[in-house]
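Chain naming follows the written order as A, B, C and D, and within any one chain the residues start at number 1.
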Amino acid sequence: MTSNIMSLSDAIRRFVKDGQSLALEGFTHLIPTAAGHEIIRQKRRELTLIRMTPDIVYDQMIGMGCAKHLVFSWGGNPGVGSLHRFRDAIQNGWPNAVTIAEHSHADMAGRYQAGASGLPFSVLRGYVGSDLPKHNPDIKSITCPFTGEVLAATPAINPDVTVIHAQKADRKGNVLVHGITGIQKEAVLAAKVAIATVEEIVDNLEAPMNACVLPHWTLAAVCEVPMGAHPSYAHGYYERDNAFCREWEVISRERERFVEWMKANVMSTPNHAQFLTYAGIR
Amino acid sequence: MTSNIMSLSDAIRRFVKDGQSLALEGFTHLIPTAAGHEIIRQKRRELTLIRMTPDIVYDQMIGMGCAKHLVFSWGGNPGVGSLHRFRDAIQNGWPNAVTIAEHSHADMAGRYQAGASGLPFSVLRGYVGSDLPKHNPDIKSITCPFTGEVLAATPAINPDVTVIHAQKADRKGNVLVHGITGIQKEAVLAAKVAIATVEEIVDNLEAPMNACVLPHWTLAAVCEVPMGAHPSYAHGYYERDNAFCREWEVISRERERFVEWMKANVMSTPNHAQFLTYAGIR
Amino acid sequence: MSFSLSHPGYTPAEIMTIEASRRLKNGTVCFVGIGLPSAAANLARLMHAPDVVLIYESGTIGAKPDVLPLSIGDGELAEYADTVVSVPEIFRYWVQGGRIDVGFLGAAQVDRFGNLNSTIIGTDYAKPKVRLPGAGGAPEIASNAKETWIIIKQNLRTFVEKVDFLTSVGHLTGGDSREKSGARGAGPTAVISDLGVLVPDPVSKELTLAALHPGVTIEQAKAATGWDLKIASKVEAIAPPTQLELVTLRDLHERTARAHGVATTTD
Amino acid sequence: MSFSLSHPGYTPAEIMTIEASRRLKNGTVCFVGIGLPSAAANLARLMHAPDVVLIYESGTIGAKPDVLPLSIGDGELAEYADTVVSVPEIFRYWVQGGRIDVGFLGAAQVDRFGNLNSTIIGTDYAKPKVRLPGAGGAPEIASNAKETWIIIKQNLRTFVEKVDFLTSVGHLTGGDSREKSGARGAGPTAVISDLGVLVPDPVSKELTLAALHPGVTIEQAKAATGWDLKIASKVEAIAPPTQLELVTLRDLHERTARAHGVATTTD
């Protein structure tokens, strides 16, 4: 059995290509920030970025010119405010034009489920009365063959690559996601290729019987990246860095300061460990 | 807050009525046998019985005349053989005619999911080439509005009453299902009324964070019934009684012996504890 | 914290939160938006409704946070929850499944019929004046909960004749238009603002002023509303905060500020 | 245990199980039916394929039972699994999601094109000669796995020209009919019986005798087949069981019998 355990830079180099559709998922908890930074370092371009809750790491990827299209249901810096790079890109086309496709959480979750289930579409009891379908051709309707009710239908999401962050992997590459598991399992199982970064690799996962475990054979790469979710948190490891989230509001407001910060902290450091040290986080 | 904790006989008396649709779910593990016996004791009639894997307890309910219709995907005595009372009812109409609606596991699971999700129908990538749709008008097709693919569509299951068995409840009536959780969560959440029997009621569930817990407000009744799944098993409590499952093959083969056994053991005992003692099980 | 002359001793945000909390009955299953709804719901839990069931869209069911979450997915929510499920499960089995008694929402704009906007300010979707975070969970909460409550500050930017963008359904164009749309539940049954409480007219479904916070006048409410605000035949006077309510709310905010290194009060 | 004169030292059921186990490569993701498929898959795991991934429809992924399960949902399967998921998840994310390399099935009947029957014997659905347990998970395993293997005893009741009831799709009417039907995967690529192994003709998809167990003749195979059995140009001679294979399989069955109080060997 060949192992799926490798370095994050190797994983991004091997599996993430220009022009792909990419989901870096995490629902406030376990956001794969380190992986986003590595994609920025390796200068991937023309990506379709998919995520229910784009926040700081997507703001960074958009501001550094990785994205051409964003599929999402809520974009913001949770508890702080707006995403300035996201707004600058869609309103002013800086550093490049980014188009958007906007959904609701329930719909995005259902679309990932459909993708994971090998189904071409998802059925949703939703969008009733909403203007969103007027602006998104991917939101259609479907009629129940039994009751005649009309429901929303949207296409499955099957990203070229999904990246998640989790607490632990064992030496075979089986991954345990613990706490708020969000949409991660579905995003991994819907993807053509999946990558997991983890806080640590251990001898034994010690997973409860009904825990959220992703078997090694569902993951093309498993990469040990301590604090890989910062400024998000990893339940049982470290808490959310709320101070950094507030600081991001200041760093990201102006283009120049943003670019300067990204160059100094992300582009000029070779990996996440050195980023954390250099940026004064750890 | 009024408690949902009550005796099993009270729960069946209050919530199970003649003519209803009933799902007693359990996938080999945690089969709500004691509840089935109580329904037999209280002589409910004309029930539509729903279950993915009808086995001994449904054989007993059918043989004792509780059922008029059975919705299922696999019927047998696992590891032993056929269900004689089930066969006698559908082939010879004894003790009364029972009609059937036959599906696959994947479909039944999806139908419960649709029911739990407030959706009128389920979409399935299934039944390709199968004769089952020819004999079941509930299996229709639906066309994907994006790809044009034709998939199977079946109506949601929303039982009038679902009954499950689980390991533990706390004193508020929150229930923990541990191990092979089967279709129990979906069957409970799809039902208009749900009842759980449990091995024991404890002060603290001690449930892992991502365990399968059914909050008390999803359950109309929670009833403490030790060994309530016998001859099925409850992970962490007792094992499957394989000897009884083999014995059932002999007990159930002939109508007379079956009726005699049911009268002596189930009908003439007032509750599950006395049944277990009387039948020599415990 | 700023104190207004007309109701000294507490802020408009405080009375708004407190009044919202009072309405939440013990045992209610409440789907909680982040920010003001979360503050009000947790205040209710600490006051009169210890068994209120709080559900957050991150999948935490029966959350009992000791401090207010800064985000919808704080570890605090998971730590003390009855159970933590996946995000698709929350929206499938719990929201679309029709298990929510009260969907408790905020928004950037609310209109005359209780429709909500959290998408854009401005009328050109492609070139918005302000790009807001977006729908999140709100459209399906608004169309599937048994009723929805909206908590929002009242002024001419927020209380508009017609929302710039209809993100989440209220009473649509009034009358039976919501019922006909296929939306489930009663829709918005209360809009709680920093001036008072609006409820839909039973027939027209137009939001109508039903109660005022202490010291607030009907004229102030009219002046802060972007349509010709109808007034109920009897406008209830909302009781001022009790000492216990105020202390409990402020303690909650102080604990929260200490934990997060920041105040979460929206005042 | 009965021994036949033509292959002394082991039973037809043993060589069938052993030959099936040999074909299962290490690392394969195998969806395992109860009974013979489960015996063969676990033998493979104990022999040459320690990292074969066994999935049972009860939701156990990466099951490593020490004894053979009597039912599809034995606690033994959960106890040593990598993870245990719900039944809807197994069929949604893992089967329909296309994650199964080999769907390993039994049946009451198999026909010339590898279609399976586990519903009824007899042609009148309303009045069957024998009512079988039903489809279970098979229809969607058969139409979604990358390939399916069938393990079944070979005689005129089981190997029929056309199944009495088509429960689970094989190659339908042959040729490209399966591909056109919308079924995914290659369909049945091997039927392993107590006489030998049949594989579909690359073009016509008709099941063709490709290998024989030691001591079995082509004539015996033809006589046990309900259609005019085609024979491959070269019929492979299956190697007899090694001592290690036999001992491992018998140990497994003995452990199982001790644990369940009953033998699970199907001989």
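Couple of notes before you dig in:
To be clear about the criterion, a residue touches a chain if its C-beta (ideal position, glycine included) is under 8 Å from a C-beta of that chain, and two chains touch if they have at least 3 such contacts.
All figures in this text were calculated on a predicted structure; none of them were measured in a lab.
The minimum number of touch steps separating chain C from chain D is 2. Rounded to a whole number, the gap between the C-alpha centres of chain B and chain D is 29 angstrom. Between chain A and chain B the centroid-to-centroid distance comes to 40 Å (mean Cα coordinates, whole Å). In chain C, the residues that touch at least two other chains are 78, 84, 92, 96, 144, 184.
In chain A, the residues touching two or more other chains are 113, 117-119, 125, 149, 179, 181, 185-186, 209-212.
Each chain pair that touches appears in this list: A-B, A-C, A-D, B-C, B-D. Interface residues of chain B facing chain A in the complex, by the touch rule stated above, are 117-121, 123, 125, 140-142, 144-147, 149, 151, 153, 155, 178-179, 181, 208-212. Residue ranges on chain B touching chain C, taken from their complex, read 1, 113, 116-119, 174, 185-186, 189, 207, 209-213, 215, 217-218.
Residues 34, 57-60, 70-75, 77-78, 84, 86-88, 90-92, 95-96, 115, 119, 125, 127-128, 131-140, 143-144, 165-169, 172, 178, 181-184, 260-262, 264 of chain D are the ones that touch chain B when the two sit in their complex.
Chain C makes touch with chain B in their complex at residues 26-27, 29, 51, 53, 61-62, 78, 81-85, 92-93, 96-99, 144, 184.
Listing the residues of chain A that touch chain C in their complex gives 27-29, 52-53, 72-76, 78-79, 82, 86-87, 90-91, 102-107, 109-110, 112-113, 124-132, 135, 149-150, 179-183, 185-186, 212, 233, 235, 239-240, 242-243, 246.
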